[in-house]
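Both of the next two complexes hold subunit A, though its partner changes from subunit B to subunit C.
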Partner chain A sequence: MTQEMLLRQIIDYANRADPYPLYTELRKKPVRQEGDELFVVSTYWEIKSLLHDPRISSDARNLSPGAAGTLLQEEEDSPLPPAFLRLDPPEHDRLRRMAMRPFGPPETPRRVYNMRGELARIVDDLIDGFGDRKEVDIVDDFSYPFPVTVICRLLGIPREDEARFHSWADIIAAGLDPDPGGDPGEQRRATHEARTELGMYLSGLIDERSGAPGDDMLSALVTQQGPDGQMSRMEVLSTAALLLIAGHETTVNLITNGTLTLLRNPDVLERLRNDSRLAVPLVEELLRFEPPVQLLPQRTTLADIDIAGTTIPEGASVWLVLAAGNRDPQRFPDPDRFDPDRPDIQHLGFGSGIHNCFGAPLARLEAQLALTALAHRLDGPRLLDDPPPYRQNAVLRGPRHLNIAFDGLRS
Partner chain B sequence: MSGDGALERLRREGRIVIVGASLAGLRAAETLRKEGFTGSLTLIGDEPHEPYDRPPLSKQVLLGHASADRTELPRRHGLDAQWRLGVAAAGLDMAAGRVRLDDGDEVEYDRLLITTGVRARPWPHPAEAELDGVFVLRTRDDAARLQRRLAASPRRVLVIGAGFTGSEIASACRERGLPVTVAERGAAPLVGALGGVIGQVAAELQRAHGVDLRCGIMVTGLEGDSAGRLRRAHLSDGTSIDTDVAVVSLGATRNTEWLAGSGLGAGPRGIACDAGCRAFDVRGIVTDDIFVAGDVARSPHALFGYQFLSLEHWGNAVAQAATAAHNMISSSSERRPHLWVPAFWSSQFGVNIKSVGVPSLGEEVIVAQGSLADHRFTGVYGYQGRVIAAVSFDQTKWLEFYQRQIESGAPFPPEYSSVDRRTEGLRPVPADFPDPSLPTHGPTVTVSGYSPTDQRITFTPGRG
Partner chain C sequence: MRLVVDLNRCQGYAQCAFLAPDVFAMHGEESLLYNPHAEEAQREQVLRAATACPVQAILVEDTDEAPATMGEGLSGVR
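On to the complex of A and B.
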């Protein structure tokens, strides 16, 4: 098998349901050159080391045009300035610090914790919404609507506008996952329109909140006067859009992958039903075993980097295959086994280093609550399709539908 | 004991004694049990408390956010140990394999681990040190006393010595809204540990937070009133400061006096041991049955030319204790060297400071990322053309990279491009460490040459 073929196979939709044998193949050469300017890194310690390497840039302006774009769908040209995900320090640090002030410690340590009760109610309402049905699609009926609703509440979107917000999110998410049978031009146009409308809507909301701030995150972003000063309107918009997009699809996949994995491991599901404390290590193991972000394709070298016997030259694109590192037998014994009892699950599911997942504490809590509630409330759940149909996207990998059957709901 | 049978017997029914029941002692005990030691285990500690964590004492405890009696270290394993707390070790008979306690009791051992650590260096003038209002900060009881006094809103707090502990105390006082004067003999705070270039940043931080910082100055006397309460401090520039609290933060003294005359290679700079944590005797011969770990140890380090290092670092205590415990019950081929790269952290004035390597060996420093003026940067230290240490102010996440640079002996100055490299990061400057022979607040890393023996042992007076 040639190197070139291997990466193309990973991107090939035919291998979406189980890319892990390809990752095993990939790890045989920890740092693999794929074409002139693209290097793929697949082993745990090498990925970890590059995530902490200041010679690696996340700034899209440093990305060489030829390398990554040929294999992955180019991102939508956004009218907004890049959010911190695609910036380097010091701009990244400043914006991320300002976004963190109203979200987490040290300034707001209880934001996520205080959402517990509300999150649990949203989950219960969604499960109640299954009604008398004995078959549901976990994606459309549960794991998809949940994170959007959570982000609406976090940002402080008024309840009456949540439906509009959902529909924009749907279209933007679909744009991240192009339908191979659809009209690409039409889809781009729809995505662009949804982004514009969402931007205008948020812009109006920002005006409202700067006059009459609430205790939501958008108000805090608009009005904060911290040591880093104030965010510009454009920065607030791009940050809010980042929280929506980065926090949405990934959480959908985490919960869907979790449901799928639990149904494939009924003994673990049974344990979770009897002891909800298992949810914490279980979600960590899930982030190792089926990470929602399979690889990070957006990094560039600012200098030559010697790693694992290879020199990645300055200006190359680097793909960090987190999901392959998570199954590196040099790091995790028996890596292809799903085992929430592992004494050491320091996975790469949320990345590492300065770009480690901003929303991780919220994503963890959402997944813990969602999976625990499903375990408690579904009577005799089982998979209808295994493997389920997957989305196109090789990076944000997850099922498009997850049809399950069950005998009834417990209250 | 010798031979495999003897080792098996030791692991099954041997007697292990650990002198020093703090972080290193506890972690060693846990490792012994985890690795299958089933014999008798005795922990001896001079404080009456079970092992507790010290880093919070100068931070959360002084702020009143956590109570001093709630800092016990979590237990990871059941220990099944005999605890002799509130009793100090008073002597060692190496030939008989016996530790003498200050209550007259004696405890016999087959293997001994010494983790007696350090204590706060007291104010040199005993009568002045006795004044009500003069404190040191090392133990839980020290922290509880100081916290109570700070809560009573003193007019001013004088911190003597601006090392890490002194600076953290000043930070906590400012956070409580108390007026603070810091008197430092060196040119800047943290200068012994991080050098003058980084020390200037620490000085700016202190002043920006309202500390009355006075460098290049010594406190020459503490004056009390007729009731024995501290009222005033006299400084070497002829001025004086009215204050009712003084915290003496002049570094630490190693708890080795109890070993005077024992024949062990112990002295004011610690107890010398080999890379496998086995103690040296005064002749420079390594012992078979006595091991050392934590703040009190001096051990040679491969990354620093096999010079002996003493590290007053939390992480070192944990790592060295685990290595010592493993080696105590292993055959020579299974023993491991202690290869920990020095690392420590501090939080003060809202900034998270972290360091890896041995900055005080650095000849030059370069601001590899960020900017000194922003008080947010990563400084990299060079020694003889290679990277020897790094320190970050609010940029902790990059240090893992620089640790690997240290481990691999990467060239200094770094010449590659990186994110956030500013113009000040283009050229290294002298790191500006003070002459190490001048006493100051005391660096937390001490490099002490190649000799395993410390002849000054004979000059060490006994305690009390």
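On to the complex of A and C.
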């Protein structure tokens, strides 16, 4: 199979439900050149070493024109400035440190930990919302609304505004997942409008909180005075929007992939029902086996890099296929087997190196609580479609719907 | 229970300090403080932290010895 065909097949929607055989093919050449300026990396150690290499940039401004976006639709221009996800050191490090101060250790070690009770309540409320139904769509009824509600509570969005926040998040997420039958211009316009409205809304809230700070994260971002100084209002805005966008679709897909995988492996589901501690290694194995972020398509090289017998020239676009690295048999024995008892599970699901997922501890708790609650509360759950229908998106891959049936709810 | 952090492996991802804040604490951005004789009641927290560690630097063992106070494990990482 030619290289070109292989990449197109990975992007091709027809292979969305099971791209893994294509990744096996891809790994036969750890670093593949596609056209003049695109290099695709698919083996564990090569991906990991590039994620820790300062000659690799996440800043779109370093990308040579024309290098990216031939196969993947580029993100539409955002009315917000790039947040630290798309910046390099030292700007990246300063902004990430300032965002971390009100989120995690050393300054705020308990913010995420203390959300446990609230997260469990949100999950239970969503399951109660199934009511008397014996069939639900796990995406629309459960895994989709959960992470947005969590980000709202984290940022301190007033309850009465949560519904608006949900609708912006929906439109922005839809923009990442072009509807093949829809009008692309129309969709781009809607996304732009939602981002602008979200920005204006947050901007108003920032004004409010700078005068009367609460103990939420937005207030802390606005008012903090640390060794790095203060965030500008634009920086607070783009950081808050990043938390929403980076933490949404990804977490939805982790919970949905998790539910799907459990229903395909009823013995593991039964074990989880009897012992909720299994949720912890189970979620790590899910992040290896069905990672919500399949590949990182936005890296570029700041210098020539020799790797696995290939030289990636300066200014090239590099795709790091995390999902292929996660199934590299050189790294994980029997990689295509879902096995929550693996003793060694250093997956690439949250990336690695300086951009490693900022929200990982929160995402872990969300997925652990959500999957445990489903296992406990659903009586006799089963899949109605296998494979389920997937979203278009090849990067943030996951089911669009996951219709399941069950006999009833346990309390 | 007894635990050890392999500080040669630790890279300061801080997942343990998020997930088991009663046992692990970051001291500045780069050093980790932990209680090597955590209380039995903290077992679940500790197991969460050990499983989530991206470099698998936390080793956990069972013992019956009395818990000590936080601070014994102060060490620099990276």
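Just so it is clear, the second predicted complex is superposed on the first by the 411 of 411 C-alpha atoms of A that agree within 3 Å, B and C clash if a C-alpha of one lies under 4 Å from a C-alpha of the other, contacts with A are read in each partner's own complex, and residues count from 1 in each chain.
Here is the rule we use: a contact is a pair of C-beta atoms (placed from the backbone, for glycine too) under 8 Å apart; a residue touches a chain by one contact, two chains touch by 3 or more.
The structure displayed is predicted, hence computed values, not measured ones.
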Partner chain in contact with A:Arg391 - subunit B first, subunit C second, else both or neither: neither
Subunit B versus subunit C, judged by how many residues of subunit A each one touches: C
Contacts of A:Arg55 with subunit B and subunit C, given as first, second, both or neither: first
First (subunit B), second (subunit C), both or neither touched by A:Asp304: first
Subunit B versus subunit C as contact partner of A:Arg277, first or second or both or neither: second
First, second, both or neither for A:Asp88, with subunit B first and subunit C second: first
Partner chain in contact with A:Arg110 - subunit B first, subunit C second, else both or neither: second
Touched partner set for A:Phe350, first subunit B, second subunit C, both or neither: second
Which superposed partner A:Arg27 touches (first subunit B, second subunit C, both, neither): neither
Touch list for subunit A against partner subunit C, complex: 97, 104-106, 109-110, 112-113, 277, 280-281, 284, 344-346, 350, 352, 356, 360-361, 364-365
Complex contacts: residues of subunit B adjacent to subunit A: 368-370, 374, 376, 378, 397-398, 400-401, 404, 416-420
Subunit A residues within the subunit B interface of the complex: 49, 52-57, 88-90, 93, 302-304, 314, 353-354
Interfacial residue positions of subunit C with respect to subunit A in the complex: 13-15, 17-19, 21, 25-29, 44, 47-48, 51-52, 54-56
